[in-house]
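One chain, subunit A, appears in both complexes that follow, with subunit B as partner in the first and subunit C in the second.
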Partner chain A sequence: MKVTSRGVITILVTTLSLGAVYVLNPGSATRLMFSLLTFAGIYGLAAIGLNVHFGWTGLLNFGHAAFMGMGAYVTLLLIPHAAGREGEVTTTGLPLILAIFIGIASASLLGLLLGLPAIRLRGDYLAIVTIAAAEIFRLLVRDLEAITGGVYGIISYSDALQKYRPKIIDSLLVDMDISVNQTWVGVIAWLCIFAVLLLLKRLNSSPWGRALRAVREDEDAVRALGKNSVWLKLQSFMLGAGIGGLSGILLAFNYGSLQVSTFVPILTFYIWAIMILGGVGSLSGPIFGAIVFWVIISETDKIAEIIFENANGQQLAGVRFALVGLLIMFLMIYRPSGLLGKKEELLLDVK
Partner chain B sequence: MIDQLGNGLMLGVIIAVSAVGLSLLYGVTRIVNFAHGELIALGAICTLFFSSPQDSRLLYLDRFSPLGMEFGLSVFFAILLCGLAGALLELLLFRPLRKAEVGNIAVLVVTIGMSIFIRHLYLLFTTGKVQKFPLDLQRRETYLFIDLTPRNLKILIAGLIVMFIIGCFLTFTRLGKAMRAVRDSNELASISGINSDQIILSTWIISSMLAGLAGIFQGMINDVRWNMGFLILLLIFAGTVLGGIGTSFGAMAGGLLIGVFVQVSVALPFMEGHTEAKNAVALGIMIIILLVRPQGIFGLKERVS
Partner chain C sequence: MSNSHLLEVKDLNKSFGGIQAVNISNLTFENNVLTSIIGPNGAGKTTFFDLISKFQSFDGGEILFEGKDISNSQPYKIARMGMVRTFQLTKVFDRMSVLENLMFAGSSVRNDSFFYSLFKFGSQKDNEKELERKSYEVMEMLNLDNMAKSYARELSGGQKKLLELGRAIVKNPKVLLLDEPLAGVNPKLAEQILEIISNLIEEGKTVLMVEHNIEAVMKVSERVVVMAEGEVIADGAPNDIRADQKVIDAYLGSGNE
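After this line comes the complex of A and B, so read on.
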């Protein structure tokens, strides 16, 4: 592996921001770190999926929350769960691994469905279509209360994953104020990141990956060389959506109860911020982006509490979101290639 | 179904007025402005702040007590302020980006970031409570066969007049013609001596003032919320797309149609008990139109591909 100055800077920034958590939170830092790294793993995974869309293929996907939601809902509804206001716990269900597989496949299928407009539409139209489709998904999930639990959500499904938790986690974290459930989800999330990155690394250097990047650079040239650029775009949409679906499943298990309000558009914008921060088009960038992002997010709340002393909880969350918006703006203006991305790998013009 | 028509027309006029601005801006600058909703909210929040009685504690940061101005005057200043905000956005942010030749997609992402940022500043400022303008409640009356309050009738007429004026402005005035020229071809417009920077600045101002007006309408018809602009933004996109993105008259018609459709769809048999999902239907229509006829009902084909 080649060591670049960008790589050094990235690892430095990531380490420093993790160090900042220890400095700013004497006492509770370890507990915070476990939760932070779990979230970073899950969101980082989603950002890796988004990067396949935008970074590799140049597809402007603003509906990533729907892919995550699709994966989560399909998987949870297939395993034992309780949905709705007076939902009773269903005792039957598919084996977890099969349910996860079907969840990922459904997210991919949604990607295929959403990818169909991508063939016909230019970048900025695609942005509108994807964000609208994600809202349709969310509104439908909320509306179909009989199946999805609607606004009451889904609960009592965590056991399906937690029963596989190795004893070693419990014994390592004994007497520490750290959630073993969350830690187990975090471990899985980082294993998934590792596996997905290995897969993507292979794909990236394969003829398929090169063709995909060629679609981003010059679609007409790809067509002239006899490649089916439409099918390539659709494959990219499915691959990225599947990864998003997996991340949504993990997010559901991390929360322990699934709310439809998790999949509001702001979730997609979080993922975008992480992807841009880590580096558009960079393979491992989203991981670092996710860690730095979650450090910023979790520390903002404390600073906001000091600055705005009589603000309510919703307002304090507002400070955090405002910062995300500012981050997206400034990165896009001053450093669109992020921490790790290469400038020449960036396509930012409508063709 | 007929009793939803009044509501539909009101929603339609809000969407149409803001869609004209959005579509004009897109036509002239090629910017898909996701922060358009925040300009809508700006109009409403400014009006709320200007017109509420001084002793009402409606806003966070108590040192800014409301101004207690007369309502009409508040509306006037709020719209002016929206125009100023639009001008500042162009001068401080989007003109430098254009000069630096930042790509359209990057600018789109910038507007999304800006939208999130500004929206949550509103949240911080307005405490997230749903608030109302200091206007008296009115009873609905029947005009022809449509149920509206007298105030809403005035809003409807005012909206139609504003759109008529904008239409005349684009068709007959020098500035309006120049805007359409820049929209059709920036280079050709420059050759004929049109200063495109000035035109784009005017477009930003007009687009933002229209957005502000739509927000004030929304506040008068319903209420003022920090995220009111974002809630309606996708419907505005739907209206714009339906009429044909980049066409002003299309945006007006499309906006009215979407508004009426969303409200009337509540009364459809298969929507019974599913009123919360009414926006999903409108968004679905938008996606289908983009797939089947991406230039919209009134748009020209070459603007899309």
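After this line comes the complex of A and C, so read on.
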């Protein structure tokens, strides 16, 4: 692989961020690191999916949380779980791997169903429709309590995944204050990232990937050359939604209990921030974006504590949002192409 | 009977908020002819292109391409049937290389498909090689070969016109609709584009072109259609058009070059 200055900077920034975790958290850093990298893997995966939509095809999808939620809910409801206020237990279910595939397919299908009426809209209009659709999805899930458990959520499903946990994780982490369950989810998340990136690398350099980029650049010209741009956009929507679905499934297993409030719009905006931070249109950018983002999210509290001596939890949370907002502003002004994005292919034109 | 015409337009009309943009009762185009469409600004020339390529829908009328009714078709389907257009304001794929622009244009629907790309069925590699070869051929013809790997947005305005023409050529259609191929192009380049267009006719293609460069139009066209206020006011060989009083009044002016 060719070493570029972008690559060096990216590695440097990522290493420095992880180093900061050790400096700011003497004692508990290793435990934090495992949790952080798991979240980074899961969110990074979602950002990779979003990048197919926006970076490759130019589709402004602001409803990514719904695709993640669709994957999570469908998968969990197909395996043994307990749902709702009474915690009604369902002991039978499909094999996990099959449930996961159906979950991913359902997220893709949601992408198709949402895309069919909406995908002809351009730019901001698509953004408005997708964010509204994601909210409709979330409210439906909340109110269909008989099926989804509503606000009471779903519990007792983790075993389906944890029973496959290799013994080596337990023996390696013995006597360390680190969650083996979470570590196992993290390992799977990073394996998924690896697999998905291999798949996308193949597609990105293919005629199909080229066609998506052409759609991003100019739809009229695509149609004038005899290509069905609507179908290309739908395919892109389905692929990205499927990847989002997989990320949602992993997120559910990471939490151990599924709450519908997980899939609020802020989740989508976090994924957007990660994608921009990593570099829009860059294949592996979201991974580094996700790590740096999670360091920022988990460490801003520490920084806020240093700045404000007697702040309470709520005030600290406010400072965190302010710092994240500042970060995004600085990025947009000084490095809109993110860590790994190409300046020549900059998609977020900032004037 | 309608089969004898390549393209046939009947009672075509389109208006924007009460203003009549296009109103053509009957117009036919034959195979392997270079026809220029001229007329003052706002005469409806580009709208006419938009209508026959279905980039805009029309209020009434019928369009037959090779005898088939394409009135309710879609732009990409018309392009697949063999009628490909360019745009007055060039639409190149800015953040793709010149080579990619051309290869995308020439790539078949099957070659572009998701599963074909995912599994890289054996022939795709060959297809791509062939596409690359064809694209380089066209780039050499257009003097763009030294820009093959550059982003299309780095091209000059004239070069973008060339690239758009090149894309249409790689696509290899029966009919090319060229919307002001010479606009904003320097005289030497214009000469070159005209030569390429003439070669297309020699190869058996059909070209319809909207153009304001009267000198060039009169030189290369076999037939000239003059539009004004949405209607066809004259239609014939270049020399007849030059002498037509209606055309002189509406467009050419009394000076008449």
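Operating definition for what follows: the second predicted complex is superposed on the first by the 324 of 351 C-alpha atoms of A that agree within 3 Å, B and C clash if a C-alpha of one lies under 4 Å from a C-alpha of the other, contacts with A are read in each partner's own complex, and residues count from 1 in each chain.
FYI, a contact is a pair of C-beta atoms (placed from the backbone, for glycine too) under 8 Å apart; a residue touches a chain by one contact, two chains touch by 3 or more.
No experiment lies behind these values; they were computed from the predicted model shown.
> Mind working out whether A:202 is in touch with subunit B, subunit C, both or neither, as first, second, both or neither?
second
> Check the contacts made with subunit A and report whether subunit B or subunit C touches more of its residues.
Looking at subunit A, the partner in contact with more of its residues is B.
> In the superposed arrangement, does A:152 touch subunit B (first), subunit C (second), both or neither?
Once the two structures are laid over each other on A, A:152 reaches no partner at all.
> Based on the superposed arrangement, let me know which partner A:117 touches: subunit B (first), subunit C (second), both, or neither?
So A:117 only meets subunit B here.
> Counting only touches as set out at the top, which of subunit B and subunit C does A:211 meet: first, second, both, neither?
After superposing on A, A:211 lies in contact with subunit C but is clear of subunit B.
> A:142 in the overlay: touching subunit B, subunit C, both, or neither? Say first, second, both or neither.
first
> Between subunit B (first) and subunit C (second), which, if any, makes contact with A:221: first, second, both or neither?
second
> If we overlay the two complexes on their shared chain A, which of subunit B and subunit C does A:101 touch? Say first, second, both or neither.
Touch partners of A:101: none, neither subunit B nor subunit C.
> May I ask you to decide whether A:319 touches subunit B, subunit C, both, or neither, giving the answer as first, second, both or neither?
first
> With the touch criterion stated at the top, can you tell me which subunit A residues are shared between the subunit B interface and the subunit C interface?
347
> Within the complex, which stretch of subunit A touches subunit C?
199, 202-203, 206-211, 213-214, 216-218, 220-229, 232, 235, 239, 344-345, 347
> Name, in rising order, each residue of subunit A that touches subunit B in their complex.
Subunit A reaches subunit B through residues 60, 62, 116-117, 120-125, 127-129, 131-133, 135-136, 139-140, 142-143, 266, 269, 272, 276, 308, 310-312, 314-315, 318-319, 321-322, 324-330, 332-333, 336, 347-350.
> Where on subunit B does subunit A make contact in their complex?
30, 32, 60, 97, 102-106, 108-110, 112-121, 123-124, 127-128, 234, 237-238, 241, 245, 274, 276-277, 279-280, 283-284, 286-287, 290-291, 294, 304-305
> Flag every residue of subunit C that touches subunit A in the complex, lowest number first.
53, 55, 74-77, 79-80, 84-87, 91-96, 100, 103-105, 107, 109, 111-114, 116-118, 120, 124, 127-128, 151, 164, 167-168, 171
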